[in-house]
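Here come two complexes built around chain A, the first alongside chain B, the second alongside chain C.
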Partner chain A sequence: MTLKSFNDKHDNDYHWAMVIDLDCCDGCGACTIACQAENNVPTVGEERAYDKRTMSWLRIERYFEGEWPNLRVVFLPMLCQQCDKAPCEPVCPVFATYHNPEGLNVMVYNRCIGTRFCGNNCPFGVRKFNWFKNRWEEPLEQQLNPDISVREKGVMEKCTFCMQRIRRGKDHAKDEGREVRDGEIIPACAQTCPTKAITFGNIRDSKSKVAELAKSKRRHHLLEEHGLETHVIYLKGGE
Partner chain B sequence: MDRRTFMKLGGAVAAAGMTGACGQAAQKIIPYAIPPNDGVNPVEGWFYSTTCRMCDAGCGIMVRTVEGRAKKVEGNPDHPINRGGVCARGQAAVQQYYHPERLKTALKRTGAKGNNSFTPIPIDEALNLLAERMKTARGKGSFVIASDANDVTSAIAWKILGVLGSTDFAVPALNGREKHVRSMAFAKGLGTLPYYDISQLGFLLLLGADILESGFSPVHYAGAYGEMRRGNPVRRGRMVYVGRRMSMTAASADRFIAANPGSLGFLSMGLSHEVFRIAGDNGLLKKIPVSLKEKWKSALGDYTPQMVMEKTAVPAKVITGLARELLEQMPSQAIPGDDVVCHSNGVDSLNAAAFLNALLKQIARDGNLLKKPDLPEEDISFYLRMKGFIGVPEASHDYAVFRKILRQSAKGQTALGMIIDANPVHTAPRSLKTAEALAKTGFLACFSSFLNDTTRFADVVIPAAHFLESWSAQIGDYPVGLPVLSTIQPVVKPAVGVIQTGDALIQAASKAGIKLDVKNQEEVVKSLVKRFRPEMYSIPRKLDANGVWEYCLRNGGWWPEPDKSKLSPRYVPPVQMPAVEKIKIANPKYAGGKDYGFNLHLYKTVNMGYGEAVNLPWLLEMPEPMTTLSWDSWVEINPKTAVKLGIDNGDVLKIESPFGSVEAPAFIYPGIAPNTVAMPFGWGHESFGRHASGRGANPMALLGDFPAENSDEPAWRAVKVKIGKTGKKRKMVREGNPEGEYEAEVFQL
Partner chain C sequence: MSSREDIPADERLPAVETVRGQALDAGIQAGKESDFSISEDRLNDISLRPMFYTTKTYYVLTIILALIVAWGAACWGYQIVMGMGVTDLRHPVFWGLYISAFVFWVGVSHSGTMVSSILRLSKANWRRPILRGAEAMTVFSLLVAGLFPVIHVGRLWRIYYMFPLPNQRELWVNFRSPLAWDMAAIFVYLTSAFIFLFVGLLPDIALARDYCPAKNWRKGYLKFLALGWRGSHRQWIVYEKVSLYLAIFILMIAPSVHTIVSWDFAMSITPNWHTSIFGPYFVVGAIYSGIAGVITLMVTLRWIFNLDEIIRVTHLTNLSKVLLLMSIMWGYFYFTEFITSWYGNNPTETAIWRWQTDRFGPMLFTMLGINIFSIAALAFDSVRKSPGKLFVIGILVNVAMFIERYLIVVPVLTHRDNPFTWTDYIPSFVESSIAVAAMAWFLLLYALFVKILPIVTVSDIREGNALSCDMAFGNRHIRVHGDAEE
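So, the complex of A and B:
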């Protein structure tokens, strides 16, 4: 089985996608802290942050254009784009990162041997490597989310679209013998967003809100020309 | 019924609201060897509705707890203030709760004041010490400095203060609140903060108003902003920002217009002039009496686009263009912000903006230009009555009260001071000599979760319980078009060694022989709910007192239906037109003469605010959205100015005002005017744990006692500074590079 044929399988009911409306995003960064709280993402301290060793899975990029006073600024929440043709996947020698049937780039932490090839191949810079052993000083460890693991030194990690919430949502649906309802699963970033710029859902369900929004004329993907088939869809800001 | 039962109810309902029916499934799968008796649910956890107290806005939150530990803050989707959103600071509440440096014992001062030398004592002993002082302090001068005046804790403090024969309750903050309230009194006869409903607007003009990051409720306005942009599928609200600095809010606007500092009052009058002229030409003012029109004409006559252009440096054409847009894209509104308020002509400038808004509303209503029916004027009577229950008057926000407290303390005329969850030594201008005054207070009791700049001067520090382990209630700080009562319940079992501030106050008072008719903070919340029960019409009639209490805890409080059309009776009073003839905008005045070449622009960042939570690593490591800097403060300087002065990123500059000086590393920032330097508030704590102490520079050192006319709050953007290189260089932690691109080039404007 080649990776390509695996990617092209379309026998699953779910394909998770996210729509981010840049016209609503005000760059406040609430999503970055929500992600940190939900996913046990550590802080690294001033020295290591200076060396670009921060671990945040989600960051707000802001772009300036022009000179005072004729300035334009654009914010862009940057997270793993969950590419269908992901550049990070084929380079992993141990299949620690692979494409799951629901369209997610998944990391298997236990398999990762820390070659960092995936991070090198990711054009978005969203893969974060654990260069150090992370410590949570007592009693901060009591805040850690029990749904997911704390990653070890030497392991690559990245946004999972809040895998644990997807899992939980699907479990509930299964227990009740139904499909997951649209809007039932909300990742931490989307849930906290004060402007409601982020929408998450199953793009294979044509009635879902993401499928609806993805039809927008403002739709675009990052680095579309590379054919990555990303599943974070941005809606252009401005008039 | 015990507390656990309430909490369980709260959890079950809140969780169901979030993800359908969760909870039961996991319990089926995982059997207990010993069944728990307190509703522990090991996989899903419970969601408890409460209210965020990381700032004063009072957003409704639901906290996920698993096995008795608080894990995650989520927004309460039904709460009218935040509608499900939570900001970065709110998310960090759980980190604050589990902070290793939280106080877990009472402290008694051992060395000289200001030395930070304390010895741990039992809480009861600390309360005895406080009670001793309460006994003797009657009529001899006492005060309370708090961070909020609208919650149950402040209600208890206010009562005790009354018994001690004092009304000196201060909530000092450099946010222009007192001027906003004064302007509302002038414009509408209301003694509250203004509220702007922006969600339905076609055109929004921000006059230096950073509503999305540092207004009175950033999350509320962010929600309304999202709705204004994309809530209506056929029309997108347009937003224009006029100001001195490309702030986060300005970055979200469609257009940025630079104006001179302190000139936005002129701009408001100029816009009124043009709106009046254009509307008159187009026959939109037919319903307004001729005598009134004549009055307006003479009052606005001087503010021609040409004159306003000279004052503001905004081209006359742009002013006329803005006026046209305001008229063409009705409903439209202008929001005045810090750039209007914090100059020497702040109050008049606010009044000018209020007149512009009233004029726009009048025209829209007369001309039937509103596509949706107009909203009724704010109904604030219920809000005011609830505030009356709390008791602390709006005047507590006046800087005059704070100044009076400091004056009396400095003279040694104060027997007892109580500081509740506030840090005035850090957040007040240095020139007010807060620290010196507090050092001379007879006995100072601080109720705080952390040791900070102010607790250094305390005689006794009482370890305050975190809001995630407290009972309380807050009256939404300003009416969001609705009266809001937000309840706060413990989401986890309170930690050992802390005490709720209200309980501590009540216990100390009873030891001092002061009779209060309440036993603890929880009871005050209950009596507040009971008192206003008859007016909470959306709570089913059949519910008894316990049922109502549970209803409030489960929902996080009470508020009417958010759909305003259901508010009855639907009475739309005529627009109140402010007396424009009384508005005279004076030229702005500045502290600092010719030697001081730069305007100082101080501002609050979205993650740090005034620095209350600067000890949390999550927020420290979060890049500030505009500069992408973290872990330290900075001073922003325009690229061209930097080239002229030979300043590079990271060069440590000395910023000197007539009142003091600070040192901070330079950050070359394209979004700041060439003759201005900008610095964020919140940094430079002298003593606030190991993460925050000595980190960054506190610009409060640069502010002087330069009151604006009609106000006691210092005009904190009316200071001029000079800058010089110190020769030192500092590493700056920066996520992106100053021109905007990141490590990956993925996006083009």
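So, the complex of A and C:
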């Protein structure tokens, strides 16, 4: 439960981080679909989407630069930023969300009672609440991922950096008696991204691709004024 | 309105002419305080009459209230079955009308017990008739307030995770979370307010027990609840001690409770919530709306049960002076909050203020208008001496304070840091029904309380009478009060 900064002395070899190169992102939205399929995220339908009740853990935010007709559309893939000093964690009265030793902001669905304080305290608005009981039509329930639970109505959920894939990667490495190799664990969004804008890895490993990219001059974090030490690093500014 | 004829002759209590009460008020307004001297038997009759005589209007009103409550309960059931989606809450507006109502009801609860303990400790003589009504208001509004977080949570059936229950995995509640403190604070306050109310009730329950006709259904539970109170010297000494200590204890708890409620907001990083002024600001706002609530209830009781001789204009005038003071203090805190964020010039906060005046303009200006109007109106002596006008002001102030809570909770969430998530929120029918039903639930609890236990603090009034006498100074008669300790 300690709020460790990622420069602090650490007791764990892994600290997961993601780099998203906005200069590569063309806003195709493949990552959002991949996330939806991988993580059993329900599809809510047109009406509820209009009510702002979409459940997507990862969304492409679309902004416009300039005035018509000199418009430029900018895309920002928005997902849980896995803050080291996550504002959602201390406000949960039941420890349904907490910080794990690998720097992930973890959600325990079975512990959540739905006070929704975490969602209020998240400046990115990436926490999603199950407003209704989710349904999958007849053949669709066959495609649910068995590695991740289907959430009940009344609980919060959010991006986990594909927790189940991290788990599987680490188990593999452990079986073979080694550390996790760089690039061995790939979340669904990174796997799907056609322009390879998303990179995932262990930022504690200085030779990892993520650590290399994080040294870029184009690096920035979202809403840095809150001092949250987010672990999704955005690259932007190259032409 | 009265249906005294329904009651058998041997159970009938003596009739009370309200003319005398009106004459009294006229006398008091003319500055003749000394007119008040009420005989022991008359005091009993007037005070216990609300309990033993029930009019048809009462039944009708209670049934209407019960129906509203039943409708609210049905809506709640629907919400539990369907999920929180039946509200208008959405991403990222996770808190809405329920939390506004929660803050409002905790606020209303504030004045009763706290003011009663302050008045007890400061030995203000005018406190006596209003104590019971105010303390009961605290308990019932807290019961209503405590309901809202329960209605609000997504998984009601798992709410016991909030309690620090021992379990095999040694998973405790998160003591860093303001919600955990909040629950603890509400529980402590509710328990102590309940004990405070009950201890104060003891001598009056005993009085009602002795007064109650043998065949009346109330006899049984009154006997039980009186705990064998006989009014012996020793019992009175213990009673005085307990009330004193409880008053001190309550006085320490009450401000902390609403400070903690304010921390639900202030401890978050949400712009406009994250401000250190929220603690005192919420406490002052709470006492403000609470006093308005007390005044409204007192005028209502006085009107319905003809308690003019007990709850006199003097008491209402004194309460309205407290209300005036609290409204000025509230205004100070409100504008301090405003000015602090204006001076800080945080872009997000400024944007939210602008959004608030823009989208929530009508609500904001109604709220400010009412509060400014009430300060202006209460400055006049004629308003402070008129129960009718005070009643209207009391209602208006509580409407304004409800809007104020709504404006604290909602605008920020609809328009915060990430512009992509900006949205709108209008409470749905289910939410509004539950909020209205909560009001009815409060009134219903209060109405039932009046019929079950004595609403007038007879013992305290009698103590006041025993400690005071009329003395002539020249041609003026003045009421002189002694001190119990002397």
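Just so it is clear, the second predicted complex is superposed on the first by the 228 of 239 C-alpha atoms of A that agree within 3 Å, B and C clash if a C-alpha of one lies under 4 Å from a C-alpha of the other, contacts with A are read in each partner's own complex, and residues count from 1 in each chain.
Simple rule for what comes next: contacts are C-beta pairs under 8 Å (C-beta built on N, C-alpha and C of every residue); 3 or more make two chains touch, one makes a residue touch a chain.
Everything numeric here is computed off the predicted structure, so don't read it as measured data.
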item	value
Which partner, chain B or chain C, touches more chain A residues	B
First (chain B), second (chain C), both or neither touched by A:His221	neither
Touched partner set for A:Arg116, first chain B, second chain C, both or neither	second
Contacts of A:Lys236 with chain B and chain C, given as first, second, both or neither	neither
First (chain B), second (chain C), both or neither touched by A:Gln191	first
Which of chain B and chain C A:Arg204 touches, first, second, both or neither	neither
First (chain B), second (chain C), both or neither touched by A:Arg167	neither
Contacts of A:Pro69 with chain B and chain C, given as first, second, both or neither	first
Set of chain A residues, in rising order, touched by both chain B and chain C	52, 54, 59, 61-63, 76, 78, 123-125, 223
In the complex with chain A, residue positions of chain C that touch it	82-85, 89-92, 94-95, 149, 152-156, 158-159, 161-162, 171-174, 176-180, 183, 264, 267-270, 413, 416-421, 423
Residues on chain A engaged by chain C in the complex (per definition of touch)	48, 51-54, 59, 61-63, 76, 78, 87, 90-95, 111-117, 119-125, 127-133, 152-156, 223, 226
Interface residues, chain B side, partner chain A - complex	19-22, 25, 43-44, 66-67, 69-75, 82, 84-88, 90-92, 94-95, 97-100, 212-213, 218-219, 222-223, 225-227, 229-230, 236, 238, 246, 248-252, 254, 256-258, 606-607, 617-623, 625-626, 628, 630-632, 638-640, 670-674, 731-733, 735-736, 738-744, 746-747, 749
In the complex, chain A residues that touch chain B	21, 23-30, 32-34, 36-38, 43-46, 49-50, 52, 54, 56, 59-76, 78, 123-125, 137-140, 142-147, 168-169, 171-172, 175-176, 181, 184-185, 188, 191-197, 222-223, 238-239
